[in-house]
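What follows is a set of structures to go through.
Heads up, the next two complexes both have subunit A, just with different partners, subunit B and then subunit C.
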Partner chain A sequence: MIAAYRPFILPAVFAIAGLALPIWGSNYLLGVGFALFSWIALVQSWTVLSAMTGYVSLGHAVFYGLGAYVVALSWGVVPMAVGLLLAGLVAGVFALVVGMPVLRVRGPYFVILTFGLAELVKYLVIILESELGSFSRLMFGAPDLIWLYAIAFALAAIGTIGAFVIRRSRLGRGLLALRENEEAAETVGVPVNRLKMIAFALSAVIPGIIGGLAAMRTTYFEPMQAFDPTVSFTIVTMAVVGGSDDARGPLLGAAFFTLLSELLWARLPQGYMVVLGALLILFVLFIPRGLAGMFAGRPGRAA
Partner chain B sequence: MDVLLSGQLLFAALITGALYALIALGLNLVYGTMRLLNVAHGDLVMIGAYVAFWGLTLFGLSPIAGLVVAAAAGALLGWLTYLGLFRRLLASPQLMRRLEGNSLLLFFGISVILQNLAAMAFTASARGYQFMDQVYRFGDVALTGNRIFVLVTAVTICAAVYLLLRFHVFGLAIKALIERRDAAVIVGVDIDRVQIAAICLGFAIAAIAGVLVSTTEQISPFMGFPFTISAFVVIILGGLGNITAGLIAGLLLGVLEVYGVALTSAAYRSVLIYGVFIGILLIRPQGLLGRGSVVR
Partner chain C sequence: MTTLSLQGVSKSFGGLRALSDVTFSVAEGETVGIMGANGAGKTTLFSLIAGHGQPTAGDITLGERSLVGLSPDRICRLGIARTFQIVRPFGGLSVLDNVVVAALYGNPDRPSQRDAEAQGRAALAAVGLAARADDLAETLTLSGQKRLEVARSLATGARFLLLDEVMAGLTPPEVTEMLGMLDAVRTRHRLTLLVIEHVMKALMQLSDRILVLHHGELIATGKPADIARDATVLRVYYGEDA
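And now, the complex of A and B:
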């Protein structure tokens, strides 16, 4: 039964590569690996809400930014590990608080609403920071890159396994049911509102921690950068290009764009963005199931 | 409080509002007829602004003539994207199932490409030029010529498009498509032609608005995004696809923004815009002025 373990080959390759990377130890490679596993963790978290329920979030930067802000505010006040956990907690609680009204809104309205919400929070934080008289916060004594890398790797693993398990769980079945037809799912007894809230909160926690890690990596916090909408857009693009119906998709999407960005960003940042835009168009129109769908073979067969 | 009652502020609000109404009109045409969420709309404004800038600096072309050139450039771009991308999207039942989401992603791709190509071609630095900057006085109101030009042009084009939609057979076909797509097909509206017209008109209007913006503000490759947001706030205020309500909502947002900033400070502009945006989406997603899906 070769088919039985086929879905695990790709994640295993990523896991082995991720564990082996520190052996070579070059700081450059660790930096690339940090970016790669951060993106994997972000995209996997995003799929728990957006791929499984069909509520496409274009505002995941808000969780990332909040996480960064929590770490910046708690810097030197609490131990770093506590700061990171707080970052995830605050992101999750924020999702629960705004989730109630926000998840009532559907379809394209939800997409632009999540985007608007992230921008609103960004500008509120900017105003708050200027009221507090601080324009960018420096963080001294950030941990070594190897530690940040290890945490990002662990979060990517948790995200990937989590997405895989949730998809097959009772929760995941309920989410997929409400994606197809929310009214019908509710009629047959799926508690749609509760499930949507759980998915929203779950998809927020890891991005919060990743945001905190990213702040430690750059050693400073600045709202325009921490809440940059490009983060949200990149997550969606990676999910579309990789494919989001399968836990392998985000691995491929994140790896593809991390490599592309390493190749192009330094030399031609605007060229990288043009390629990103062109690929997004290409995949939406011609390869809607993404790279993972191409690997899975014949279209039309539900995974 | 004197400032709040001054004619100066009222005119500032009218000018901003007319510009918003114009930009949102183009966005609404494209959404109304095809259900496409054009998040690249502000980038078309940027293209129009650069057409005016280069027209003036390279060829000595007055921005008034620039209006025509920019409109043609916008229409051409609309035609190309329709033929290249959206005809395919609208024809595929599989992609139609999530049309709005897919169109949003496609337009986001277009937006990123336009912004970065512009940055590569024109550099990312801001540019500007002088046009009609003599000051005219009307009682206690002082306005520069270029701001009067913006107001007059925006109002004229909004009115012209409104009349076209109300009385001309082609405008009526566009309206028919907005109101009842299935019925429009049955009574013999050539959907493909009307869609091309709508997207060309919508893009041309955005480019024209870009020329207007360039006469009063500095321009840059990344200037478009705030206009995209304002335009979305306006058409959501008015109700998506509701043309007349969109025009009123444009003025309303102009008034809200100018008076809101006058009451607080410029730092609150974005919070105000996004706050209105989220409030409307949460409380009345069909639009403040909308009544369901009926378009008048």
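And now, the complex of A and C:
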């Protein structure tokens, strides 16, 4: 009986901490919490594509950046909630549009293609912005941090529960099969192209909204920052270090690096990136199943 | 009564003609063996039927419906499933999950997850893998993985199975076991089998009819006993002087 509850202990701890933080936490802690839950939402979304299909995206910054851009453009034109929903929608639709060609290539080619695509969109937005005569957009009247925190928390919860549910769903089973062997999956009836597109779009929506939230948090939009590839690198590193075989990995990965960044950022900002890179290499080589995998034991064996 | 028919099917890869003008049909409930040396076009034939690639000329029909241009997953849901000569298990998934996904997606009537699991377990039981359900597929032996290929195509609910060398690389006792298993499932599920096999004794024993491919051409067709005596076949297989 206890074993059946085990997968839910860690998410419950995060949920309780997340709900309690606004009651006792300072504004500083609320900011850290905002970052933490944003990262959790991003990494969980990323796993729906990259862990479940094996198509490793190194370009999720594009969805984040597009979401930020949509919120900046629609600022003051539509209500903020509508702007955020629009950010998610645009990111999802963009994934569907580029998914058709991009998802045709696998392995390292997909990794490079997604990275290149994100950079391409970044420079297109920079050109567009300079044509429009705007070099960074300020957003006055952004909501209080507590609201942004609440939305990030909700998205992290949706992302975590979503990843958990999808993995066990009809869709998830199809995705895992095509990850293992696309041609064999097709042969037993899995519509691989359609499922890959669905996974790509699903993994883009929440990052779009999170990008919009991040723009509200900084109260301005600037393309180099919104489409910063560091966002993509960080997502991948958190997923690798935390483990992406189940929904607990991203919680651990996001928490580890958010805390690490808080500790190192002020003292030695370059050190953070060095540690990020070193840990990525270390985990890929020696602990491929991540922190969550270290605790979970072997799959397919009863405890 | 559904019939799988090929009419004048040809396939070229650039200048290489893998199949030329192949015509035959398979009636429901029949087991048809396909013989031929390496490179005769046997696997290409299966690929075309299953939707992996399009014929350069000719038509492939199941009942009234042409299969040409349909995607492999669509063809599976119409009732044709294939196995792969070089096994392609979903290695990182459990043996059970391998067949459950086939039941979930291969059946046109979209079973629930619970029903799909029941169908998957039944398919594993049929091939003697029930005890390995929770193990990772990659931990199975070659014989186990070959049986998993069969179980996966069974779980789709397809009635036409294309079995591509499911006995190659098995020990003689394993071949006997596989033959017994295939014989049992084809009767129980009223399957139509198209079987590519190099283990000649097994093919003779299993098939109602045998087709012989040579350099992409269908050079003989007939009952196993007749094929074993056919002059053309003997010449192709054993050389001019046989």
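The working rule: the second predicted complex is superposed on the first by the 296 of 303 C-alpha atoms of A that agree within 3 Å, B and C clash if a C-alpha of one lies under 4 Å from a C-alpha of the other, contacts with A are read in each partner's own complex, and residues count from 1 in each chain.
Assume a residue touches a chain if its C-beta (ideal position, glycine included) is under 8 Å from a C-beta of that chain, and two chains touch if they have at least 3 such contacts.
Values in this document were obtained by computation on a predicted structure and should not be read as measured data.
Visitor: Using the superposition on subunit A, decide if subunit B and subunit C clash or fit.
Guide: Fit - subunit B and subunit C, as placed by superposing on subunit A, sit side by side.
Visitor: Return, as a multiple of 10 degrees, the angle whose vertex is the Cα centre of subunit A and whose sides reach the Cα centres of subunit B and subunit C.
Guide: Roughly 80 degrees separate the directions to subunit B and subunit C.
Visitor: Could you say whether A:130 touches subunit B, subunit C, both of them, or neither, answering first, second, both or neither?
Guide: The answer is first: A:130 touches subunit B but not subunit C.
Visitor: Could you look at A:280 and tell me whether it touches subunit B, subunit C, both or neither (first, second, both, neither)?
Guide: first
Visitor: Scan A:56 for contacts with subunit B and subunit C and give back first, second, both or neither.
Guide: first
Visitor: With both complexes superposed on chain A, which partner does A:9 reach: first (subunit B), second (subunit C), both or neither?
Guide: So A:9 meets neither subunit B nor subunit C here.
Visitor: In the overlaid three-chain picture, which partner chain does A:96 touch, first (subunit B) or second (subunit C), both, or neither?
Guide: neither
Visitor: I want to verify the contact counts: of subunit B and subunit C, which reaches more residues of subunit A?
Guide: Touching more residues of subunit A than the other partner does is B.
Visitor: Quick one: classify A:117 as touching subunit B (first), subunit C (second), both or neither.
Guide: Touch status of A:117: first partner only.
Visitor: Is A:107 in contact with subunit B, with subunit C, with both, or with neither (first, second, both, neither)?
Guide: First partner only, subunit B.
Visitor: Per the contact definition in the header, classify A:181: touching subunit B only (first), subunit C only (second), both, or neither.
Guide: Second partner only, subunit C.
Visitor: Give me, in Å and rounded to a whole number, the least C-alpha distance separating subunit B from subunit C in the superposition.
Guide: In this superposition, no C-alpha atom of subunit B lies closer than 12 Å to one of subunit C.
Visitor: Please output the residues of subunit B touching subunit A within their complex, sorted ascending.
Guide: 37, 85, 88-89, 94-95, 100-102, 104-106, 108-113, 115-117, 119-120, 229, 232, 236, 267-268, 270-271, 274-275, 277-278, 281-282, 285
Visitor: Within their complex, state which residues of subunit C touch subunit A.
Guide: Answer in residue numbers: 50, 52, 71-74, 76-77, 81-82, 84, 88-94, 97-98, 100-102, 104-107, 113, 134-136, 152-153, 155-156.
Visitor: Please output the residues of subunit A touching subunit C within their complex, sorted ascending.
Guide: 170, 173-174, 176-177, 179-181, 183-192, 299-302
Visitor: Residues of subunit A touching subunit B in their complex?
Guide: Checking each residue of subunit A against subunit B gives 56, 58, 101-102, 104-105, 107-109, 111-113, 116-117, 119-120, 123-124, 126-127, 130, 233, 236, 240, 270-271, 273-274, 276-281, 284-285, 288.
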